[in-house]
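Each of the next two complexes has chain A plus one more chain, namely chain B in the first and chain C in the second.
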Partner chain A sequence: MNHILTIGGRQFRSYFNGPVAYIVICIVMLTLGFFFWNTFFLYGRASSREMFRWLGLILVFALPALTMGLLAEEKRTGTIDLLITMPVTEAQVILGKFLGVLGLYAVLLVLTVAYPISVSTLGHLDWGPVWSGYLGLFLQGSAVLAIGLMASSWTDNQLIALFVALTLSVFFWVLDKFLALLPTNAASVLEWLSFDYHFQSMARGVVDLRDVLFFFSVTVFALALAFRALESRRWS
Partner chain B sequence: MTDVMIEARDLTKHYGPITALKNATFQVNRGEVVGFLGPNGAGKTTTMKILTCFIAPSEGTARIGGADIFDDPIAVREAIGYLPESTPLYTDMLVLEYLEFVGKMRGLRGAGLQARLRKVAEETSVGDVIGRSIGELSKGYRQRVGLAQALIHEPPVLILDEPMSGLDPNQAAEIRELIREIGRERTIILSTHNLAEVRVTCGRVLIISQGQLVADDTPDELAARAGKPRFVATLRQNGHSASDIREAFSSIGDAQSVKEQTGAAAGEVIVELVPKGNQDLRADIFQAAVSANLVLLGLEQRGENLEDIFRQLTTGGGAPS
Partner chain C sequence: MSSKVQKRAASESLLFLSLVGGILVLLNVLIAYFPSPRVDLTQNGLFSLAEGSERLAASLDDRLAVTAYFTENLPPPFNATERHVRDLLSEYSAASNGQIIVKSIPTTRRSSRRRAPMACNRSRIRRSRKTRSRSSKATVAWSCTT
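For the complex of A and B:
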C-alpha cells in the first residue's frame, strides 16, 4: 500500500510540475462555464441537470489528456526501467498511477462545485441530485481514466495513447445516442453499455447499484488489461 | 552467507527470431567489480535487464544474493541498485524530491531516509544541486544523481549500464573514481565499451559477443593471453643500411625475432624485437645500439592491449593463442 501511495503521490505532484494539469483544468472550467451559463437563464431553473449534462461530456473529452502520458511517457524516456526494478509489483505500479490521476480528477471535481454553489445563491437548489451526480461523475471519470491508463500502457507514444483513449471513451459515451435507428434488442444492449445512460440516471438523483457496478467493472477491467500489458514486457 | 552475489546460469533470451543472449553463465563474488564488455547489441543490456528482473530470460535463471529472479523478484530488486543505460530520471522533479521518492520506494522513512539522503548526497557530491530541477543538470550531474538513487538503500549489488558513456573525460574520471570508491564494499557489474575504463576500475572482465560470453578473466590476464610484449626501437639511419641496423640487434641473446617496421620518418629506421620469453629487452637494446654506434631516438614496450584482444574476441576470431 505504501508503494501505491508513493507512486500515486509522485504522479499527482508531477502534474503540477508541467502544464498539462493547468491546461486541462482551465479548459474544463471555461467550456463548462460557457455551455452552462449560455442556457442557464434561458431555462431559468435552479437545477444541476444542465451542468451534469455538459460536464459528463466535457470530461469524456478532457480526461484522456491526463492519462496519455502515464505509462507511455515513462516508456519513451526509459524511467519505467527504474520504476519497475524497484521492489514493487506491476499491480502496484498500475494502481499507484491510477490513484495519482484519480487524485487530480478529484481536485478538478471539487473546483466545479463552484457552479452548484453559485446556482444555489440564485434559487432553491435540490442538493440530493448534485451529490448523486458527483458520485456518477466520479465513477464515469474513473472508467475513462482507467481506459486512458490502459491505452497508455499499450504504446510509448503519448499521442497514440490519447487517440486510442479518446476513441474508446467517446465510443462508450455515444452508444446510446443512435438507438432510434436500431432494432429494440440491440438498442437495449447498446444503451446498457453506454456511459451516458448510466451517468444520466445518477445525475437525476437515482443511485442504482447497477450503475455503480457498471462503472466499477469497466474500471477494473481496463486496469487489469493495463496490468497485463505492463507485465507482458517481461516475457516479450 | 554465500559469497557468490550474482550467479547466472545458462541465461538465454530470444526476441522473436533473434537470440540476444545465449547460455550465458557466470558468477560474481562479493566485493568484485566486474566489467561487462562487448560491442553494441552484444547482449550486455539484455543481461542486466534480466538480472534486475525487468525482463525474464527465455531459458536459464539467475540468483542475486541467493534470491532467484523467478521465485523472489522482490528480494532480488531489493538487493540491487540499478542505473539503466542513458540514466532515465524524472526531469520535472527536483534532485531532492527525486531521491526522496526513490528512498520511499526503497522502504526508507523519516530520520532514516534523511540520514541516507545526506550520506548519498555526500558520496556522490550532488549536495550543491540538491534543490535544482533534474532537467537543468549537466550530464555529469545527472549521472551522479543516477548513482545516488542506485545507492540510497545501501544495496549489496550494483548494476550499472554504461555509467560513463556520454561524459567528457573529466566527468568520466570523476565517476570512475566514485565507482572505485563505492566498489570497495559492494559487488558491481558495469557495462561499457570503453576499454581503458575497464582496466582502471574492474578487477575482472566478462567479454560478450553476439549474445555469448567469450572471455572471463582479469584485465592483466587477458592482456597476457594475447601474446608477448614487443619492444620497438627508433634509430637514426646516419648512413647505415637498414639490414646493418637489424644485424646489430640480432646479437641480443634473448631476442626471438628482429624485424624492420614500416612507417619510419625519413632518415630513421624502426626495429621491432620480440623476446623469447617475457624478458625485458630495453637495456640490451640500448647496449647494442651504443656498441654499434647507432643513435637511439626512441624505445617503447608494447603489449597487445585490451583493444586488440577485444577486437579479436568480438569479431569472430576466437580466443588469441
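For the complex of A and C:
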C-alpha cells in the first residue's frame, strides 16, 4: 500500500509541476461556466441539473488529456523499465498512477462546487441531487480515467493514447443517444452500456446500486486490461 | 525467461483477465434483473414511485416498449415538465428491472403536430397533450405498445 501511495503522490505532484493540470482545469471551468450560465437565467430555476449535464460531457472530452501520458510517456523515455526494476509490482504501478490522476480529478470536482454555491445564493437549492450528482461524476470520471490509463498502457505515443481514450469514452457516452433507431432488445443492452444513462440517474438525485456497480465494473476491468498490458512486457 | 515459462505466464494472465471480466459481467447481469437498493436524495422524494406503481412495474411478465415523442428545445417552463416526464419514465424503467424500455424520439416543433398523431394511431394507449403559449406550440405524445 505504501508503494501505491508513493507512486500516486509523485504522480499527483508532477501534474502541478507541469502545465497540463492548470490547462485542463482552466478549460473545464471556463467551458462549464459559459454553457451553464448561458441558459441559467432563461430557465429561471435554482437547480444544478444543467451543470451536471454539461460537466458530464465536458469531462468525457477533457479527462483523456490527463491520462494520455501516464504510461505512454514513461514508455517513450524508458523510465518505465526503471520503475519496474524497483521493488514494486505492475499492479502497484497501475493503482498508484490511477490514484494520482484520481486525486487531480477530485481537486477539479472540488473547484466546481463554486457553481452550486453560487446557485444557492440565487434561490433555494436542493442539495441532495448535488451530492448524488458529484458521486455520479466521480464514478463516471473514474471509469473514463481508467480507460485513459488503459489506452496509455497500450502505446508509447501520447497522441495515440489520447485518441484511443477519447474515442472509447465518447463511444460509451453517446451510446444511449441513438436508441430510438434500434430494435428493443439491442436498445436495452446499449442503454445499459451507456455512461450517460447511468450518470443521469444520479444527476437527478437517485443513487442506484446498479449504476454504482456499472461504473465500478468498467473501472476495474479497464485497470485489469492496463495491468495485463504492462505485465505483457515480461513475455513479449 | 524461457519460452515455456513465458507462454504459461501469458496464459495465466489471460485467464485472470477473463475471470475478472466474467465475474463483473455476471454481477451486472444479475443485478439488472433483480430489485436493487435505490436511494432518492431529493428533498421531497420527487422520484420515488408509489408502492403500488413499483409493485406493478416489478411484476410485468413481458416487455413493455414506451415510445415518447418530445418536442425539442421547449421554452421554460415547459422544458421542466418535459424533463420531469423523462425522469419519471426512467424511474418506471428502473423499477421494472429492465422490462419497460423507454425510447425518446425528438421532434421539431413544426413536425411534432404532424408526426405525433401518426404514432398515436399505432398505439393501444393514446395520450396526447397540446400546450399553447404566446410564442410557441408544444406537443407531447406517448405511444405505448406491448
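Everything that follows uses one rule, which is that the second predicted complex is superposed on the first by the 236 of 236 C-alpha atoms of A that agree within 3 Å, B and C clash if a C-alpha of one lies under 4 Å from a C-alpha of the other, contacts with A are read in each partner's own complex, and residues count from 1 in each chain.
Everything below uses one rule, namely that a residue touches a chain if its C-beta (ideal position, glycine included) is under 8 Å from a C-beta of that chain, and two chains touch if they have at least 3 such contacts.
Since this is a predicted model, take the numbers as computed values, not measurements.
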May I ask you to decide whether A:17 touches chain B, chain C, both, or neither, giving the answer as first, second, both or neither? first
Which of the two partners, first being chain B and second being chain C, lies in contact with A:234: first, second, both, or neither? both
Touching partner for A:1 - first (chain B), second (chain C), both, neither: neither
By the touch definition at the top of the document, which applies to A:206: first (chain B), second (chain C), both, or neither? second
Partner, of chain C and chain B, that touches more residues belonging to chain A: C
For chain A, which residues belong to both interfaces, chain B and chain C? 234-235
Which positions of chain A touch chain C when the two form their complex? 42-45, 49, 126, 128-129, 131-132, 179-180, 184, 187-188, 191-192, 200-201, 204-210, 213-214, 217, 220-221, 224-225, 228, 231-232, 234-235
Per the touch rule, the chain C residues reaching chain A in their complex are 1, 6-7, 9-10, 13-14, 16-17, 20-21, 24-25, 27-28, 31-32, 36-43, 46-47, 63, 65, 67, 76-77, 79-80, 83, 87, 90-91, 94, 98, 101, 103-105
The residues of chain A that touch chain B in their complex are 2-3, 6-7, 10, 13-14, 17-18, 77-82, 84-89, 233-236
The chain B residues in contact with chain A across the complex are 15, 49, 52-56, 74-75, 77-78, 80, 82, 84-86, 88-93, 97, 101-102, 104-107, 149
